[in-house]
Amino acid sequence: MTDRAPAGPASPPFRPSMLIYDRRYRSMTFQVIVFIIVMSLVWWLIGNTITNLENLGKDIDFRFLFSRAGYDIPQQLIPYDNDDSHLRAAVIGLLNTLFVSFLGCIAATFLGVAVGVLRLSNNWLFARLMTIYVEIFRNIPLLLWILIIFAIFTEISPAPRAYRGEDAQNLFLGLIAPTNRYTSIPGIVAEHSPGVLQIGRIAIPWLAILFLGLLALAVVLRRWINARAQRVQNRTGRRPTTWWINLALFVVPPVAIWLIFGLRLTVPELTGFNFSGGINVDNSLVALWLALTLYTGAFIAEIVRAGILAVSKGQSEASFALGLRPNRTMNLVILPQALRVIVPPLISQYLNLTKNSSLAIAVGYMDLRGTLGGTTVNQTGRELEGILLMMLVYLAVSLMISGVMNIYNSRVKLKER
Amino acid sequence: AEGDTLADVTGRDQLICGVNAGLVGFASPDANGNWTGFDIAVCKAIAAAVLSDPAKVKYVPTTGQTRFTALASGEVDVLARNSTWTFSRDTDLTLDFAGINYYDGQGFMVPRSLGVSSAKELDGATICVQTGTTTELNLADYFNANNMSYQPVNIDSNAEGEQQYMAGACDAYTTDASGLAATRAAFASPSDHIILPEIISKEPLGPVVRHGDNNWGDIVRWTLYALIAAEEYGVTSANIEELASNSENPEVQRLLGTTGDLGAMIGLDAEWAKRAIKAGGNYGEIFAKTIGEETPIGLARGLNAQWTQGGLMYAMPFR
Amino acid sequence: MSEMHAESVAYVRDTMLPPAAPPNQQLGALRWLRVNLFSGWFNTVLTLLGLGIIWFLFDHFWPWLSHSVWKADSVQECREIIAARYGEGATGGCFGVIRERWHQYLFGFYPRAEYWRPLMTLGLLFIAITPVLFSVNPAIRRWVLAVTGLITLLLMGVAEVPDWAVLLMWALIGTALLLGEYAPQRLLIFTLFYPVVGVWFLWGGSLWFPLMLLAGFGVGYLATRLVPPRHAGLALPAGIAAALIWWLFLAGPVAGLLGDLAPARLRVIDSNEFGGFLLAMVIGVSGIAMSLPLGIVLALARRSDMFLIHVFAVIFIEFIRGVPLITLLFVASLLLNYFLPPGTNFDIILRVIIMVTIFAAAYMAEVIRGGLAALPRGQFEAADALGLNYWQAQRLIVLPQALKISIPGIVGTFIGMFKDTTLVGLIGLFDPLKGISDFVRSNFAWKGIYWEPFIFVGAIFFVICFSMSRYSMYLERRLSREHR
Amino acid sequence: MSDLTASYATDTPHLPGMSDEIAIEIRDMNKWYGDFHVLRDIDLTVRRGERIVIAGPSGSGKSTLIRCINRLEEHQAGQIVVDGIELTSDIKNIDKVRSEVGMVFQHFNLFPHLTVLENCTLAPIWVRKVPKRQAEDTAMQYLEKVRIPEQANKYPGQLSGGQQQRVAIARSLCMEPKIMLFDEPTSALDPEMIKEVLDTMIELAETGMTMLCVTHEMGFAQAVADRVIFMDQGQIVEQNSPQEFFNNPKSDRTKLFLSQILGH
Amino acid sequence: MSDLTASYATDTPHLPGMSDEIAIEIRDMNKWYGDFHVLRDIDLTVRRGERIVIAGPSGSGKSTLIRCINRLEEHQAGQIVVDGIELTSDIKNIDKVRSEVGMVFQHFNLFPHLTVLENCTLAPIWVRKVPKRQAEDTAMQYLEKVRIPEQANKYPGQLSGGQQQRVAIARSLCMEPKIMLFDEPTSALDPEMIKEVLDTMIELAETGMTMLCVTHEMGFAQAVADRVIFMDQGQIVEQNSPQEFFNNPKSDRTKLFLSQILGH
């Protein structure tokens, strides 16, 4: 069919007054004006910046990123020392940001879901307690929580020294040493180590690769087994029990590795001032993580509660009336519906958490803001470059998270008339 | 702000002075918000010299991170804050250090119970250090040079650092020796803590101005020298009036504007230095009043004694 | 009856049964306990766990709290008192620091003699917002005004402000209550002037400057009215141009002139002297007040069908929402001076307020966009069909409704922003949490004090934020009931 | 419904004659939604004082047509001339037409945040620049006409559907329009309320107002319409006087439609 | 409504006789909500194949009674025996009863995140452990029975109210229940849709299903009910055959109720 819309009814010839009074041109006129205003504003800002820099005898130059950083960073996910470049320091910071955010998101989700559900529980006492928790954490600034939790760690746990000498403190379970700077937990070493994979300056133990590989394999296998169980169920109506296979998938490989390579735990040992031999998890990380978790968890609890309440009572009644058990009702009926309501605000909480992790400096956790936006900017005097770069990185992270959210949203949108 | 800071200052009839947001003895506001301290005295002296009134100062608290930007952007006229004079700051950051009012050096403080008597024994220790300072870099260099390792605890303010140190979250606290002394002095039992003998860096501290406004730089520099020279020549806030009228010493006469017209050369009147000295006394008086041995902070003059006393304080001739 | 046959189903009740009391298990405290605390093993476990948590908290914090000392001049003294009273090794809170420094936590370094000014500003704030926020219900308006007025007066008493200021406050609150009763619309006029009065009270100087700034809006409005109706399209640009000309060239001289004629001056207070909750309030309130119009414009722009406008709005909003507030504060403290013409150098608090406003505006825009989306299309069409033009339709039909729907979201944004004002401590301002505390702790007497300021500051934040969030929940319920 | 039909059919009021002036002229008008051709070659001339009922199955484009007349929708080809003004993108013309043409919607679309009186005075004050007092007087007159003066200070949410729709009619009338458009004004109403709204519309018709009315109320059509237009698939399939239309439909589609709508 | 009543009354279908087996037996049942005595001394025996309509004013406890039968509500005194199983707190018994008793709600309560077909197969697959293919076949059969097989792959949100309620009926039937409970299945529907749902229910009744139906559709009651139960204030006030019930109500309350419900 050639039945397409023509551009519009024959219109009178163009007159300048139509720029204002004709709808089509008017919107164009308006847009052009706004465009010009915005562009001149941007131009003005850029012009000012250039003049100001000139007056100060400065320039915009990102080469500082490749010069020696010179400072040390307590927590690092990939190797770094003070001879590395500012760029690497920034990457360390970014990884630290992502690391604490990731841990925070996971923990806050668990906490939030648990609290949200418990707030709806018919246990009066617990529901009240959870309400108090939510209100207290939501209505007091996060910075305060970060400081308080960090202080609690610092104040209540002993110094490493306390584990030495006559009336020495004992390691918890003989393995874990909480101190006022970090918690020392056992590391793992192999009797028959297969060595490490060296990529540039990063050394990855083969064991870790093997372990992660087996984990990935287990995940894939699990999916396959569940799919098969589904097929069997579709065919026969009975779902084969799979929980023990699933369990085995995740338990057997680690145990095998453990035995084959002769793994053993290295108990943290107090050498000199500090523990070594184990892994020292800094209190700043734990406190920040805990504060972010507790704070965001309170918001997530509200989201979860609202999500569950949004699924009407009729849905569970209908499900019960069909003979479905409460747990199946939860999994098949309530959760799938509640998730649609919960997930979008949940992701925006993840976003908030990630952005809030920039308060890390209050406890000396060196995140992106602490390295690139803090010490680097300070040592090099490149605040313009450093801070703009930092903002761009945060923006990119945020956009990635909200991108995921949009994909999810468009996927689960309810079909309606 | 570019160009003529003096005109700006006289124009608004107020000196804007960038200071530390709270460092006992050097710059701290009391319960009523009045600023006092060693650095503050410099601001007051400049204000007295330029505006004839030591009270016409607005103190802008700055953090380690905001201080140089505040100065570069013209937000403050002078930075009287413990900032170390380094090559790159002087050149790359396009600042000008107008002089040195305190020769400092970075040191370590440890609890006596730790049983450490030298910084060389700190291998593997956890050390509290303020982020974004030269301290952080010196620390890294020192341990590198001595082939030792350490665990930094980065903190963002002095108060937080003290808190961590006192709670034992770090084995040692490192900052400029003056700061260590001030911190230690405030502890419940100062004798439980020792400041280790090693001074691992040179930390010359002094007022900073913008690069390029040399006239303003001169004013700040010579105000500082006036304070130092006054001590050298025995001019104190008590005897200054008397000396102004009947001092025999030609240098003192020039300094106090009794003879000559040094003030005009930097765009001020003849009595500028007299006012500056009167504002808070000479260098020695200021030192004694704010951080000296009589104060709780109890710093000895050490390097900061007059050159005549074996120290480094050496004012250029007023001629 | 169970023996009934199909044929004899017919049944008629001759006497109605009276309601009976429920069986025991349905009654009283026992039932309540059974249903609410011990209705199953899981429930019982939860109850025990809850009791455990309560006991743990009580056990750990009560002794410390109950040993609190309120009268002491230093930490040392506190410790001695506690040791004397409760024996060696006892720990307790040392709230003497609050007793001595409360005014700094509340006002920063604002001169003590001038405390009446911020307090008056606070009281006036409550009066100014009543017609806006509480117009829904006169009873609520009365209530809120009375309660907040009392709080202000109480604070005035604590802060020992001069008697005439207290009397003035009494009079103002009384007037506001009366006006609210008989001519609520009049209060709106006050709301309009509040920013001027507030700025003048807080910073001092000549009243005429803020007044002339406000007059710029009037000038702009006059200009729009002066444009002949034939060229209605030119009205807006003319208004903006007139206002700009006024602000740039005329406002200053005119204010100066008026100041000479009728000096209305208060002692100038510098921004540096602001601190504590005063600072938080100033940043929070001015941020929210200014972000509201900006947020409305952004929200309308984002919904616009003009491509460029839409794109600009999206870029702006997403950019601001994508970065942490602290980075924007850095921009305020480190970069803003680069972006402005050489030589401009304005107050750090003003710069912070600008960035906070921009930040809040992006969030506000999303809140208001939600409100706009909740409006049925028919409202827009009806406005069109009646011949209202775009701006009339927005102002008279769309925004009043959309804003009303958005009030809970707006309050929420405000709470978030108010909490976020603690971040300004990280750029060296004296926020109540870190700025003031760090500086109090840098004093010899209070070295080592840690928890007490946090508890004090946290409690104030909690009270303010909690009451606001309750208010917004109340509104939400009300609105959902009213919203057809 | 059947008793409504009956009652209107019997007491057909005497309608004042219409003039020869042309109120609306639509020529060769076409409209697309994207690829979808909603209105095809619409030709329609409405004289001043004429009362037209537009009927047709759902989705046939009735609403779209009526909304084109005050440019709530844009047409893409052909001409629409209302009261001598051609509807183009020219904003001034659109504004002029809209202030001459009143419209009543299926869902009333009253402004819930304004009282009934404010609803009625809003447009006169802001569009016609009538002084407030005068606007209120006019509004009260029209509210009396639709027989709800006593509700003037209530909010729309406090009124029943029928009352709301009558307010909506009064609101349009306050602009003293030359033409009134109705888009299924009764179809969102409960049966008891339909009559009160239809009565109002009949009274309005008796004043000689030019009216275009999309409705399924065939009783109303028989009672007041000068002409019934039947649309299907975006086209005008048949137009005729009500008598002819109901008793003697020409096209098969019309017959089918009438059987459906009157049958059940 | 009056024509509905009429049309059903005329073609009363021949109902297959009910057996003497007892499907539901309720003895001296009492229920309280807190202090409020909702159900008082309920005695009711329902035989297999019997079709019972429960009527009564709002708040009289009809819904509560019917919900007690599949233990959506708990009773506090007396006995309820369904299909030989007594309802106690025993979870196994409850599960057994629920899988034998289907229930249709006023507001459909379809699962909006599942297609119509998935709605129908969910319970058979997870409760009855029927293979998926077989469950789908059964579901399609029942969907055909309620005459909407073509909607199988749509989501509930895409259907009209009447269609949704028919899906809800099909969903219950897929569990092949012995007893069906209906709680005002038509009262949330538009008038045009009521008929299609009632038709479905009548067909179901003709298959000999045991049915308990709370409804105000008296036409339906006359057409299919074996017995009408009238409740008020939580008690069974009168029960009788439909003929007797409508033509010759015994109790005053029943008369009042009937006059209200049939009068308008």
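Order of writing sets the labels: A, B, C, D and E. Residues in every chain begin at 1.
Please note the rule applied: contacts are C-beta pairs under 8 Å (C-beta built on N, C-alpha and C of every residue); 3 or more make two chains touch, one makes a residue touch a chain.
All values derive from a computational prediction rather than experimental measurement.
*Asks:* What are the mutual neighbours of chain C and chain D in this structure?
*Replies:* Chains that touch both chain C and chain D, as defined above, are A.
*Asks:* If you tally contacts for every chain pair, which pair is highest?
*Replies:* Result: the chain pair A-C has the most contacts.
*Asks:* Would you identify the chain whose Cα-based centre sits farthest away from the centre of chain C?
*Replies:* E
*Asks:* What's the chain with its C-alpha centre farthest out from chain A?
*Replies:* The most remote chain is D.
*Asks:* Mean of the CA atoms for each chain, then the mean for all of them together: which chain is nearest?
*Replies:* Measuring from the global C-alpha mean, the nearest chain centre belongs to C.
*Asks:* Just give me the whole-number Å value for how far the CA centre of chain B lies from that of chain C.
*Replies:* 41
*Asks:* If you average the CA atoms of chain A and of chain C, how far apart do the two points sit, in angstrom?
*Replies:* 29
*Asks:* Centroid of chain B to centroid of chain E, CA atoms only: how many Å?
*Replies:* Chain centroid spacing, chain B to chain E, equals 89 Å.
*Asks:* Using the average of all C-alpha atoms in each chain as its centre, how far is it in Å between chain A and chain B?
*Replies:* The answer is 43 Å.
*Asks:* For chain E, what residues touch not just one other chain but two or more?
*Replies:* Residues of chain E touching two or more partner chains: there are none.
*Asks:* Could you pull out the residues of chain C that touch at least 2 other chains?
*Replies:* Within chain C, residues 334, 337-338, 342, 426, 434, 450 contact more than one other chain.
*Asks:* What are the residue numbers in chain B that touch two or more other chains?
*Replies:* 2, 65, 69, 73, 156, 160, 163
*Asks:* Please list, in label order, each pair of chains that touches.
*Replies:* Touch list across chains, by label: A-B, A-C, A-D, A-E, B-C, C-D, C-E.
*Asks:* Give the list of chain C residues in touch with chain E in this complex.
*Replies:* Chain C reaches chain E through residues 1-2, 4, 6, 9-13, 16-17, 19-23, 25-26.
*Asks:* What residues of chain E sit close enough to touch chain C in their complex?
*Replies:* 18, 25, 27, 30, 32, 34-37, 40-41, 43, 45, 47, 76-77, 226-227, 232-241, 244, 250-251
*Asks:* Which of the residues in chain B come into contact with chain A in the complex?
*Replies:* Against chain A, the touching part of chain B is residues 2, 64-65, 68-69, 72-73, 88-89, 92-94, 114, 122-126, 131-133, 136-137, 139-141, 144, 150-156, 160, 163-164, 167-171, 211-212.
*Asks:* Using the touch definition from the top, list the residues of chain A that touch chain E in their complex.
*Replies:* Residues 233-239, 312, 314-315, 317-325, 328, 332-333, 336-337, 340, 414-417.
*Asks:* Mind pulling up the chain C residues that touch chain B in the complex?
*Replies:* 75-76, 100-101, 104, 108-109, 111-112, 270, 272-273, 333-334, 337-338, 342-343, 345, 348, 426-430, 434-435, 437-439, 441-444, 447-448, 450
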